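Both complexes below contain subunit A, partnered by subunit B and then by subunit C.
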Partner chain A sequence: MKTSIFKTLAFAGTALVIGLSSCGNGGDKTTDANAANDADKQILGAGATFPYPLYSKMFSEYGKTSGIQTNYQSIGSGGGVKQIMNKTVDFGASDAFLSDADIAAMPAPVVEFPTCLGADVISYNLPGNPELKLTPEIIAGIFLRNITKWNDKKIAAENPGVSLPDMDISVAHRTDGSGTTFIFTDYLSKISDDWKTKIGAGKSVNWPEGELGGKGNEGVAGMIKQTPGTIGYIELAYAIQNNMSYAQVKNAAGNYIKPTIQSTSLCANGDIPADTRISITNSNVDQAYPISSFTWIILYKEQNYNNRSKDKATNLVKELWWMIHEGQAQTAPLNYAPLPPKAVTAAEAVLKSITFGGQPILQ
Partner chain B sequence: MKNRWRVLENKIFVRWLSIVSIITMILLLVFFLTLLISSWPAIKANGFGFLWGKTWDPVANHFGMLPFLVGTLITSFLSLLISAPFSIAAALFLGEYYPKGLVPNIFRNVIELLAAIPSVVYGFWGLYTVAPLVSKIEMKLHMPAPGVGIFTASIVLSIMLIPYSVSLIRQVISMTPTSLKEAAYALGSTRAEVITKVIIPTNISGISAGFLLSLGRALGETMAVTILIGNSPEIPHNIFSPSYTMASVIANEFTEAVGNIYLSTLIEVGLLLFVVTTIINIIGRMIIKKVSY
Partner chain C sequence: MTPYDIQGLQGRRVKDRIFTSLVWGLTFSCLAVVFIILFYIFEKGIGSLNWAIFSQNPKPVGENGGGMLNAIVGSLMVVSIAAILAIPVGVSVGIYLAENRGRKLSDRIALAVDVLQGIPSIVIGIVIYVWIVKPTGKFSSYSGSIALAIMMLPPIIKNTEETLILIPTTLKEASLALGASYFRTTMKVMLPAGIGGIFSGCIIGIARIAGEVAPLLFTAFGNPALNFNILKPVDTIPKVIFTYASSPYDDWHRIAWGGSVILVSFIILLNTIIKIFESRWKVQF
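The block that comes next holds the complex of A and B.
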């Protein structure tokens, strides 16, 4: 219960601060106009933890030129969806697109669009740190515990020249509900019917018996580093920053692809539906790394709610527009994959559809 | 005049005390009710099978919490068992042998500082230092050697418990009536006999209370255990097996839990943790009453 207590406390604290500050403004009428102006320049967002480093960098860069202050709280995708549902934030962020049930539960129509891409790499600890090549069948076999030895024939056949030890494979997965797990299980569900029927895709799933769970990327990475013979999936950015060895994966087009920012981006260079709700794992783009996904921002299509001013709505939409254009320059230095052109076009269309009092905000 | 004011002052003070203690009680009651109300959808959906179900499948909304309950109880009691000899020894050292002086003072402060280390630090220290050692033991025993599991979690947890039990037990030991100890010495007891036959028996209720306090801490500890326990919702085969605790599953899955039943189920786990802690506390109090003089 710790988390929820802290959340409640944080809420109470924030409410108190907001309450106090509004009291302060109420007393001094001359500053009311300024206060309203200031309030329009403050944007509040909450949600996914995965893009948090990128978003905070983007918002700080954008703030320098525009004067907009954006407060993004990385409370998790579930929390982001809930907060936008309760209209307590200006935008929510989630590592998975909204389910039909979530959309039905929203009090008003929402739109969502991708801001960047992330990928999961398959990392392992083997003597000599060889660079392995893995097929979808091998990955599903290992994570379903059907392949239990490193010198299994199926692994050896794809990796000629690599000396594979006679060692048990121990499997580590993310135990905290996360977009990382969602991407990985979503991918496995697409490539393995066995996985789809037995386990399925989700942010937390019922893992096969005998697998270990680590908390966060650092927990899984710790397990991999500590124990030879361990394999697990972690975020690409985390693996790059911590010099972990990871495998090339055979994609849907039959090519072995090394996970990089470029090969991750390519995943989304296929056809994107108008509402951008698409799972792009196992992409059939020629040179795409298959275990990749978007992360989304969610906001209301009609911005005139809760007595919001038009200025505030405009500031918000302009900032989001900046994120999918100039802001994309921030992605690569932080090891996030930028949106490819087709995804940017789709996101532009979504932002243009946002209205204030029925009038489109962006002309 | 002065007297009347003092009477009034006393009345205000007593009133204030009772209000504050009632608020504390109400807070606990409201806490319980909130948990009950929020977990009601899950209680209805999961039924009683939730208590002994072994599958935890958020994708299919199929939940059972037996592995979490077992994991919570085993790690808590095992860590209490590991920490008990150290706590008693440190408490005797500080309470009986060297109650005053510079070195005991430093020693006492150091032990109390153990409680000030954030549990996430304990967790990663355990993952990078204790787990590899445990892994070596496991390799010697020819079993899977991930290093993390019940044993590793319990060792680190036991270190975290020591300051809680020591500070309470030390105090009760130092308050042993001198007349009792002197009487024992007069009868020709050795120091060891005084400790085992006088100090420990007369203070058994205080010592048990110290352990009960640290057990409560162990039941609720989340972060360090989550990092070290392996997070596998299975019934453990031995003390090296990976396991999972109730607090850990809440911490792990609450933020990203989508869907009403799933979220409500996690709150139900919290409710049951509350109930389990209460039951253990009541049993503990009964035992303390039974054994004390």
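The block that comes next holds the complex of A and C.
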């Protein structure tokens, strides 16, 4: 009896091993024939969570025509920078451009270029869901906890005709390190010296006391939805998908701008430096929504490393080239803002500078 | 009986009732939590279970359908390879501990196993990242399996040890007295006698790692395509639930709930198997 149990187990174990190994052979045939066998056609990327839905759509579309199989994992902007630094991925992605310290820490020169734009909206829960108009001073005041009542004179002065309730403002923010927080605090640091000296900009900051924390866009959105009188910042795409009410913000040119894909895209209509490392929050473009930012892709300038083939490098750069051209058609349906022409030109120059063995990959 | 005694007796009865109802109440609330969670998961997820979830790879936002075939295959691959790696090692260590009780080395090993059990899973993931992924420069399914295998070891070792200790020494002595070698005694007498306990230890180990996402984030990594190669990254069910649940899209939330139902059903199945084995293969002494 006992030995038969052992035999059964041994048999099951062997069967499992054989099954797994035969799967290994059989699988390659059944999966996409163009892609699975050819390591040069498999691209691996990782980083920012914010553009993940867009990238997964773009890579799926590109794969259909080119046979390139791209695996993008949304592990966070910080993770994306770390993985490209460790050379475990073909490209990294980040919602914040590389700091000078990050660039210095890289084992080899890297390049980065923007792929699309995102915006933070200021969303709130008030009786009647009025569309509020907020100035930079009011936003900084609310998030610094200097303005604590919804019927504060400063808010009322900008919103004639809106009946503001005598209600405490409760403020919600992200607790996890996020590109969304970076964009928002970067904006606040530009418009408020008080914010700049007390709190500063970063992916996670020391928020003033008495604010609520939530994880992810959904965490902050949940707090806003559940508690009347709550205000917080979330991504534009998230707010549109979930039908949340959000404010018009007075931009640097003095106009009240509703956050839309178009007004976000306009932010980047100014001049872009050659390395594309530019913060475009508080843009002075006339009709631009001020709390917006690029999201970047990072890769090595010299692609001949870790025994990579030239074919793989060429496939990678061609795919990235497609992302800033044909791929831009995927942005608007998913509520991302496409790159304006000047940014595309800057990104083109970056991609053309990428080399393999010293020779430019794109002719 | 003096009045004093009766008074004391009543007091004890009251105490008895209080504690009985307390135990009942706490037991019930504990069970209620389990059932509420299960009910909630199945209520939300059962509707999103369809053939597509089991037969299709994920699709990008905005395209209807799509499933998690890649993650189901990936989870099976990562978990079964982890089991193949961990079970021989775990059972061997368990045998050593049971056979060498009281020795200095055994005490240290037992302490090490306890410490290993307490190490957060994310730390194990990072260690494997530094040991395997970073030097090879590649995320891979097998590195995830190694991380999970390390997590599986403590329950396997402990169950093996505890089961073998319970086997009467007379059984072992009888085998040795008949001239069987030490190796034969262990393999043919001790292990078969304890197979029920050892097997449930292995399944407890599998149940423990099947829902883990933290050790896989930087090892098995993830892959939207179907992959059978252990040298390449793969998706796993918990990882897909984690990614999809934090996305803003309803369709992805639906798939995440479906994945939760699959995962929870798998764990319930494993626990049922443990119960069956324990009752069927229990050797009475």
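Rule of thumb we're sticking to: the second predicted complex is superposed on the first by the 326 of 363 C-alpha atoms of A that agree within 3 Å, B and C clash if a C-alpha of one lies under 4 Å from a C-alpha of the other, contacts with A are read in each partner's own complex, and residues count from 1 in each chain.
Note that in this section contacts are C-beta pairs under 8 Å (C-beta built on N, C-alpha and C of every residue); 3 or more make two chains touch, one makes a residue touch a chain.
All figures in this text were calculated on a predicted structure; none of them were measured in a lab.
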Per the contact definition in the header, classify A:Pro341: touching subunit B only (first), subunit C only (second), both, or neither. neither
Between subunit B and subunit C, whom does A:Gly210 touch in the aligned arrangement: first, second, both, or neither? first
Is A:Pro165 touching anything from subunit B or subunit C once the two structures are fitted on A? First, second, both or neither. neither
For A:Ser178, is the partner it touches subunit B (first), subunit C (second), both, or none of the two (neither)? first
Can A:Gln69 be said to touch subunit B (first), subunit C (second), both, or neither? second
Which of the two partners, first being subunit B and second being subunit C, lies in contact with A:Ser77: first, second, both, or neither? first
By the touch definition at the top of the document, which applies to A:Pro127: first (subunit B), second (subunit C), both, or neither? neither
What residues on subunit A does subunit C touch that subunit B touches too? 2-3, 49, 75, 218
Contact footprint of subunit A on subunit B as seen in their complex: 35, 55-60, 62, 124, 127-128, 131-132, 135, 144-148, 222, 226-227, 230-234, 242, 244, 247-248, 250-259, 263, 270, 273-274
What does subunit A use to touch subunit C in their complex? 2-3, 5-6, 13, 16-17, 20, 23-24, 26-28, 30-32, 35-36, 42, 44, 46, 49, 52-53, 56-57, 59-61, 69, 71-75, 86-88, 216-218, 235, 237-238, 241-242, 306, 333-334
Parts of subunit A lying in touch with subunit B, wherever the complex brings them together: 1-4, 49, 75-79, 81, 99, 101-102, 168, 170, 175-179, 199-207, 209-215, 218-219, 222-223, 226-227, 230
Where on subunit C does subunit A make contact in their complex? 58-63, 77, 80-81, 84, 133-134, 137-139, 188, 191-193, 195, 217-218, 221-230, 232-233, 243, 246-249, 281
